[in-house]
Every structure is written in structure tokens, then in C-alpha cells.
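Two complexes, one shared chain (subunit A), two partners (subunit B, subunit C).
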Partner chain A sequence: MTARLSPWLIAFTTLIYIFLAGPLVIVIGAALSDTTYLTFPPQGLTLHWFVRIFEIGAFRTTIVTSLQIAFLSTALALAIGIPAAYALNRYRIQLPAWLSTLFVLPILVPEIVLGFSLLRSVAAGMNAPIYASLLIGHTLIVLPYCVRVISASLSSFDFSVEEAAISLGSPPAKTFFTIVLPNVRSGVIAAFILAFITSINDVSTSIFLTGPGISTLPIQILAHVEQFFDPVIASVSVLLMFLTVAVMAIVERTLGLTFLAK
Partner chain B sequence: MTQALEIRNLTAHYGTTKVLDDLSLSVGAGELVSLLGASGCGKTTTLRLVAGFLTPTNGTITLGGRDLTKLPAHKRDIGLVFQNYALFPHLSVMDNVAFGLKQRGLPAADRAARAGKMLERVGLSALADRLPGALSGGQKQRVALARALVIEPPLLMFDEPLSNLDAKLRIDMRVEIRQLQRANGTTSVYVTHDQEEAFSISDRVAIMHQGRIMQLDTPETLYQKPANAFVARFVGFENLIPMEVVRRNGDSVTARAPGGVELDFSAKRFPAIPEKFVLGTRPDGLTVTADPGAKGIPATLGLRTYLGRAYQYQCETEAGTLVANGSLAAPLAAGEKARLEPVPEQCCVLAVE
Partner chain C sequence: MLKRHAGWILAAPATLLVVLFLVLPVAATIASTFGDPKGVFAPYIAFFNSGFRRTVLWRTLEISLATTAISLVLGFFAAYAVSRAPSRMKSVLIIAAVFPLLTGVVVRSFAWLIILGKNGILNNFLVGIGITDQPFNMLYTQGSVIVAMVYLFTPLMILTLVGVLENIPDDVIQAASSLGARPSAVFRQVIFPLAVPGLIVGAVLVFTGSFTSYATPQLVGGERQMMMGTLMYQRAMVAFDWVGASTVAAIMVVITIAVVLVMTRIARRLNPMAT
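Entry: the complex of A and B
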């Protein structure tokens, strides 16, 4: 017997898909439009606006900066977040409960406030270079995602498995890499993806921390929109989208495969 | 290569709570000793201290003369079998078993050969390429056993290895564990809260309570001659009756129970009965008779429950509530007067505490 799907369910699901995919279709359409202003549906088809991105120097440099900052801040957050999540779960009984809450604080504070306070304390207060302040800011906003997601993964991990490995002669540090980490692989990948997307799309914190000569792509898009209304905004958004998807695919492939090969 | 385990004056704390109190225990080479007790009695703590996952506040642990006390866990060379199997979820059955050999730097071919042979011994050769997730509970525990045995450890430790299995499998597995342990002659420590399991599998059993060993003996001795009231209650001597010797007459000792009834004991069976002692009986060791002339402790019967092989009565006596089993042939009603006569063969004599 096959279950008959209710027509209402089909209609509802379709509407949700349209709601989710609609904006993407509009942006992609607008990016392909052969007009000098943003419009949808596109009038004529051209890839001109994609070429145009790279003719504008500010876009070229900010794409690189955004990718760098996203990779570095994600890597830093994982380097801090994985051991933190491990400790929070491994020693759950011994550690006070508020300690795990500590790691979500950065997302509880409105990002604008976080950006502003980082500007006051790190960028201005400590006179840190713009690049370093950006990196610190981004690491801070993506760290909670890393700790949370990896914690969720570790919460179902049975730590007696780790003890079994140690009892069989595997030193604790080695055990972490050969036994614990492979078993939270999906959590690490999910954390990477979430953190990367959060960083590369961030405006609120970055807007305070970018400065002369150094900016990120979303900030540059914002600056561009203030002056122009051409489809290059749409095309750069599409590019950002595809860059993110490409990075996700690469991470999924490489991180997934190296862990599996172990 | 089997070695004796020697635990001396081991004390351990969780924070400020003392969980192990000056515990000493010797396990002879090739012997299997169980640590038996309710949860929180310190049995698992003892095991984790020996494994090196906890640090004692005091005391020493030696294995075959080698001092383990300060050695990190991964250098102790102890085979561990966990309650929840603790198999490596991302490794095949074969790689699970070969893991310990890999840590010892064995070449891949030797690892495969030895792990393969071990899997054969536990009857799992056909499942070598499966992941642990695809195994049943019993199969998982066999893999865990193979993984611990394949490194040929001088000491094997089991932490409630069968409590996640169903009743039938539990009995099969404990026989299997005992056979493997015997065949290898591996010194073993076995932690369990299941009395039947401990008694059936062990050379000796340590009954633990509040971080101390109450008695360490063979199962037979524990079952028949408990050393104190705690152990007596633990092995089923539910009725503890305070007695007082009134007469000693050669081979016979007469003692008075609460309520004035005098009972005779054979000095041969119970040598050195003190002036005041506690008589321990199991429900089966108290005969219930409705005959008012019978020699026994007078009782008023209370609740009667059906056990299948007998009726069990809650009996109100001068010595408090006693539990006795009566024959199925003559059920007695609640409220009836009866006599409870201890069967000497099924009694134990304990010192007053």
C-alpha cells in the first residue's frame, strides 16, 4: 500500500520551496540582465556584470580579504572550539554549568554592539591593525557556533570508548585524534560550514572593524549600493553564493575523506 | 604471562567524599576475583583506579611486582571490558580487535593474523568487516572481549560486562568469559552488582560496602558462612535473631531467643558460639508450623505471598518481623498463630555488632 500525499501538503511544501528559492532566483536573474540598472525579470542575457566585478579593484581585493578572514577565523574558532567542546563534555560533571553558557555569550550580544565594543577596545584602544581586529571579531562571532555544534556531536559520544583506546596502549593525545575526532567528524564539518558562512556574510561586526584599505566583500557591497544601482551588486552576490557553496563542497570532500581514510 | 595483582591501603576521594577507604586486595596469578556490591560501594572506583583513570589519595597498586600507582593508563597493559562495550564506532570489527596490537607496533600482517585468530575463538570471523553498529549486543561484547584478550594482558578487568544483555545471553556469556579466562589463565577482576553472576564466575568474591571490602572469600564460604551481618543479609540471611546462650552441655549449646524460647545448637556445627550472638536464617531456614506445641519462636502470621515453590509469610515475633517459607500443602491464613523453627543446617552464627 502506498500512502497518498494530501494535495494540501504538496501545495504547502511547494510554497515553502518557492519562498526559500525565490530570492536566489531573483538575484541570479538580475545578475544576468542586460540593463544598467537592477531589474527582474532580466531583460536580455549577459555575463557582462560578472566580468565587471573584476574590473572594480575594490571587489577584487575584498573578495580575497573576505575569503582569508573567513578561513582564518573559522580555523581559529575550531582550534579553540574543538578542545573547549571536548573539555565541556568530557568533564561535564566536574565543571560548573555556566561555563558552557560562557561560550554562547558572543551571539547573545547584538553583533553591532560587539563590533562597536571591539572597535573601542581592540582597534582603537589597543591600536591593533585593522586586519587583526577583523580576525579577532570574526573569530568571536563564529566561536559560539563551533562550540555548540561540536558539543552536540560530542554529547552522544561515549567517552568510555576513549578509555578503551587508552587502556589498549594509545596515549591520550593520540587517542583524541584517532578515536574522538573521527567520531565527531560530522559535527566538525557542520561547524566549519556554519562558521564560514557566518563570517563571509557578516556585516554588523565588520562594519566597525574595516578601515582604510582593508574591507570585506559585504561591506564593499554596501558601499557600492550607496552609490550605484547596477546589476554588479547582483552578480557579486551570486559570486559570493557560489564561492560559499564551492568551499562547502571542498570541505565536505577533503575533510570527510581524510577522516574516513584514517 | 599471568601476574598477581596487589592492592594495598587504597584510599580515594571524589572531591571531599571518601569513596574508597583503605582497601587492600590480593588477586593471585590466574585467579578471577569479583567485586560485588550495590552502586556506590566503590567497586567501579577500584577498577578505575587500577586501570589508571583515577588517581588514589593513598595506597599502592602493583601487578606482578611492577608498581602501577604512578604509571599513566596507556602504559599499564591492562585488558578492559566495559559495560557498554565501548567499541570504536568508526572501525571495523577486525580493526577494533587489532587496535591494541597496532599500538604495540606489530606489523600489519601479524596484527591481522592474531586478531583473526582471536575473532575465530569468539566465533565472529564472519563479521570481521562489519562496523560495530551492525552487531547485536552479544556480538559487541564478544568483540570487546576479543579486543581485550588479543593483547595478552597480564590483567583483565570487567566492568559489569553483561548488564546490558538479556537474561539468557548473560548466562551464556558468563560461561564463555570464564572459559576464555581459564584457558588463558589471565588474572582477572570482575565488577558486578549481580550476586548470581559473581558467585558463578569467580574463584573468590569481595563483597563491598561504603568503600570497604566486607568479606573476601570463595562463593561457597560467603554463601554459607558470612562473616558479618552485612554479608549475611547480602547473601539472603534475611532474618537476624539476637540470641543468648543459657546452657552449654557437652556437644549441645542451648540459647534463648527473644520471647523466651530455647533452641539447641550443635557445638560441632557451630564451634565457639559466643555468649551473645546473632542467629541468621534465610526464609527457607525457618520452618513454619501451626502446631502450638512445636518448639520454635511464637509468631503471628501476616501477609502471605506465593513464590511458586512455597508460600512466604511475614511473621510478627518478639524478635521483630521475620520472613519464613511454609509448605504449599498447608497454606496458613493471616492472623494465625504459628511457630518458627530454625533449621540448623541452614543457619549461620554471627557476632553481635
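Entry: the complex of A and C
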């Protein structure tokens, strides 16, 4: 049963959705324009600006760095986040209640403050290489997604299945990988995707953790906009969007997207 | 022995990471603002004595409040329509809201440079239809930052509120209307009060997000519309005034955490379903 919606509400909602989609359509259009300046609607169609991305060394290297950092930080966050989520569910009584709050702190603390603090204490204070500091920063900001999403799928897992396997002689570690992990597979995939997208788009933490030779794609786009205002910015933005679409297609295939609304 | 500590052993790596690289560094940043020989609160007195920095703080509050209010209104109506839409339409609308959310902040802010710029789409359009001969200066104004931020946060608001509004049973709405309440009365007296806790959660997310944002004020606001995030960056990386930057950071942390704590407490108290 759905309640009847007023035509005014439908019209207003349509306008809001046009407002949401419009700017992204404009960026795509501007990326295809055969002009040396940014314009919409595109005048003439060309893919030249996509080729141009890879002719600019700074974009080539930052795309590689962004992908590396996104993969590494996601993998690290999963490697420490999965055991943490497991512990939070399986050993709830042993662990203090504030521990689950601790794991969402990276969302609560303003990202820009985290970035600056890592610069002060880790990159400058401990003289850590900038790449390592950047990796630590990204691992921190994606950790909450890993712990929370996987915790949510573990909360519906029946741990007596695991106990049954162990009591039948299966070693605990093997039981975890053959019984527990396959049951929360969809949670791990969702966490991976959320973490990856968060890392690859991050600005606020990374802005303080880039130095000579090391930068990420969004930071490079910011720097480029300040000097040039050409369609390369639009095409590189579309490239970032395309990555998002590709990742979302994987989510849609494996889980259905509605889980994101919960 | 091992079994009794199994929970801690498994949680240890993640706990250590957060404590060593988030809790301690952020605490050190805040602590560094209290070490001034001129007095414990000297950096804060300097901050509030500077007319420029007071303006930045005030502007940031204004922009964040305006962004929160506007995206609450847009998000509430859109989310209500989405939550009552037929299920196929609903998933399309949810995906359409998720997609911009997963597109980066830089891309979504940059789009407004193309729209609002001096030779941008909006100015070309206004000149084209003869409303004005000279293009308006729309970028680098408070309005442009608010528009870009509303654009940034409305999808988040919609997704937060769809979940809340979906949980209002259709029965409640039908009961109200079958008892003679007009649609506007149902909206004001039934749906809205039930949605208040969700509205508060959404408002907290949007307020803290806009209060601490960096990329949007940097791109769309520029030097002229400096906000707390861009001020902090400018202090740290341009002026190399790390104590000044830490002071801005500490003020940001205090305001964010205060807003989160106060508002979630109010949300809990106002939840009519809880009693």
C-alpha cells in the first residue's frame, strides 16, 4: 500500500533530483567539449581531453599513488578491522563498551584535524616518510567503515555454527576462514567498496600529507584548477566518476544497492 | 589464559592504530595550544582578538547553519516522496542519491565553478535571455559556497531520512486520514513529529560536515570566503604558524563534539516512539 502523493511534492522532488544530477551531467559534457576552455553544452565532441590526462606527468603519477594508497589502506583496514569486528561480536562481554566508539572516532574527529595532527606528530615529529603517513591517515579514515559494516553482518551470524565446527575438531583459525568469513562475505565486499571509494576521493586528510613528489589525484586536481581552467579537469573528474560507477556496478551485482540506505 | 584475552588480542591492532595515530596526535595538537609562555589561553585570546579570525568563525557558523537548514527542507520533502514511492521507483531514486555521494567532493565542487563562473553556464544563460548585459560575480561569495554545500550534503540528508520515514508505518498515516485529518494536518501532526529524531541526526551530519569542510570553500569560496578549514590550512602551510593552526583545530573539535553530544541527547529525548 502506498499513500497518494501530492503532485506538488512530486514536482518539487523532481526538481531536487535535477539539481542533484545536473552538475554531474555538466562535468561530463564539459569533458567532451572540443574547446580549450570549459563550456557546456559541449561544442563539438572529442575524447582528446581524456588522452591529455595521461600526457600530464603529474596526473599519471598521482593516479598510480591514489590507486596504491586506496588498495593498501583498504587491505590494511580490513586486515585489522575484521578481527576487531569479530572480537566485538564474539567476545562482547570481555571487552569494554567504549571500544566500539573508539573505532568510529575517525568519523567523529574532523578529518582535516586528523590530517594536520598526523603531519605534526608523525610526519614531522617522528620523521616518518610522507608516503607512510598518507597510508596511515587513509587506513584510519576507512577503518570505521570496515569495522561497522562487518560488525553488522557478524551480528546476524550464529556463532554456535562455529562452536560446532571447533568441537568436531576443526582448528579455530581454519574454522574462521572456512566457516565464519564465507558467511560475512557480502559484508566484507561492501566494506571494501565503501573504504576504497572513501580513500580514493579523500581531500581533507590528504591535503596535509602530500609533499614533493607524493600527491593524490584529488589533491592534484585542486592544484591544477588553481593554475589552469581547462577541460582536462573535467575529463579527469569523469575518470574519477567512472571509477565510482565501476565500483558501484560491482556492488549492484553482488549485493544490491539498497543496503547503502540503511 | 589465551582464551580469556582472545577478544583483546584480536582487537589490539585496530585499537593500537586508533590510539597511536589518532587519539595521541589529536591530543598533542590540542595540548600544544596550552603551552604558550604568555599564558595558558594566549592562543585563544589571540584568535578571538583578531577581527579577521572572528569573522571566519562567524562566517563558518553562518554557512554551516544555512546549509543545514536548506538541506533539511530539500532532504525532508525528497525523502518523504522517495519513502512512499513504488518499490521499483524507490530503488532508482535511492541509487540516484547514492551516486553523487560516492563521487568525490572535488568533482562536485568543481562542477559549480563551471556553472557559477564569470563565463559560466548561468551567466551565459542570463546574458543570453537578456536579463543582464554584464555577467554577475557569483563565485567567491557566501551564496556560492552555500549552494555548493547544499548540493554536497542533500544526498546524505535524503538517505538518512528515507530510512527514518520508511519506518513510519502506513497504518498510522491511514488511521489519521481515515479519522478525518487533512493531508496537511497528517503531515504536520503525525509524520513530522515522528521524523524529528531523524531530522536531528541528519542535521548533525550536515552541520559537522560543512563546519569542517575544506575542498568546497577552497574551490568555490576562495580567499574571500575563508572558512575554518581553509583558515587552518592557510595558518599551517602558508604562514607556518602551527600553534595558530592547532588553535583553529581545537576550536573545530570542541564545537563538533559539543554539537554531536547535545543534539544526540535532544534526539533521544524527543523520540516519541521510545516512550
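The rule we apply is simple: the second predicted complex is superposed on the first by the 220 of 262 C-alpha atoms of A that agree within 3 Å, B and C clash if a C-alpha of one lies under 4 Å from a C-alpha of the other, contacts with A are read in each partner's own complex, and residues count from 1 in each chain.
To be clear about the criterion, a residue touches a chain if its C-beta (ideal position, glycine included) is under 8 Å from a C-beta of that chain, and two chains touch if they have at least 3 such contacts.
Small disclaimer: the values here were computed from a predicted structure and weren't measured.
When the two structures are laid over each other on chain A, which of subunit B and subunit C touches more residues of subunit A?
Larger number of subunit A residues touched: C.
Look at A:Val147 in the shared chain and tell me whether it touches subunit B only, subunit C only, both, or neither; answer first, second, both or neither.
second
Looking at the overlay, does A:Ile197 come into contact with subunit B only (first), subunit C only (second), both, or neither?
In the superposition, A:Ile197 contacts subunit C only.
Per the contact definition in the header, classify A:Ala165: touching subunit B only (first), subunit C only (second), both, or neither.
After superposing on A, A:Ala165 lies in contact with subunit B but is clear of subunit C.
Which of the two partners, first being subunit B and second being subunit C, lies in contact with A:Ser73: first, second, both, or neither?
In the superposition, A:Ser73 contacts neither subunit B nor subunit C.
A:Ile179 in the overlay: touching subunit B, subunit C, both, or neither? Say first, second, both or neither.
first
Do any residues of subunit A touch both subunit B and subunit C, and if so, which are they?
Looking at subunit A, the two contact sets are disjoint.
Under the touch definition given earlier, write down the residues of subunit C that touch subunit A in their complex.
Touching subunit A from subunit C are residues 4-8, 10-11, 13-15, 17-19, 21-26, 28-29, 32, 74, 77-78, 80-82, 84-86, 91, 93-100, 102-108, 110-115, 117, 119, 121, 151, 154-155, 159, 162-163, 170, 173-174, 183, 208, 211-215, 218-219, 229, 232-233, 236-237, 242, 245-246, 249, 252-253, 256-257, 260.
Please give the residue numbers of subunit A that touch subunit C in the complex, ascending.
The contact residues of subunit A facing subunit C are 1-3, 5-6, 9-10, 12-13, 16-17, 19-21, 23-24, 26-27, 30, 37-40, 79-81, 83-84, 86-88, 90-91, 94-95, 99, 102-103, 105-106, 108-114, 116-122, 125, 136-137, 139-140, 143, 147, 197, 200-201, 203-204, 207-208, 218, 221-222, 225, 229, 233-234, 237, 240-241, 244-245, 247-248, 257-258, 260-262.
So in the complex, the part of subunit A that touches subunit B is made up of which residues?
158, 160-161, 163-172, 175, 179, 182-183
Note which residues of subunit B are touching subunit A in the complex, please.
Per the touch definition, subunit B meets subunit A at residues 51, 53, 72-80, 82-84, 86-90, 99-100, 103-104, 144, 147-148, 151.
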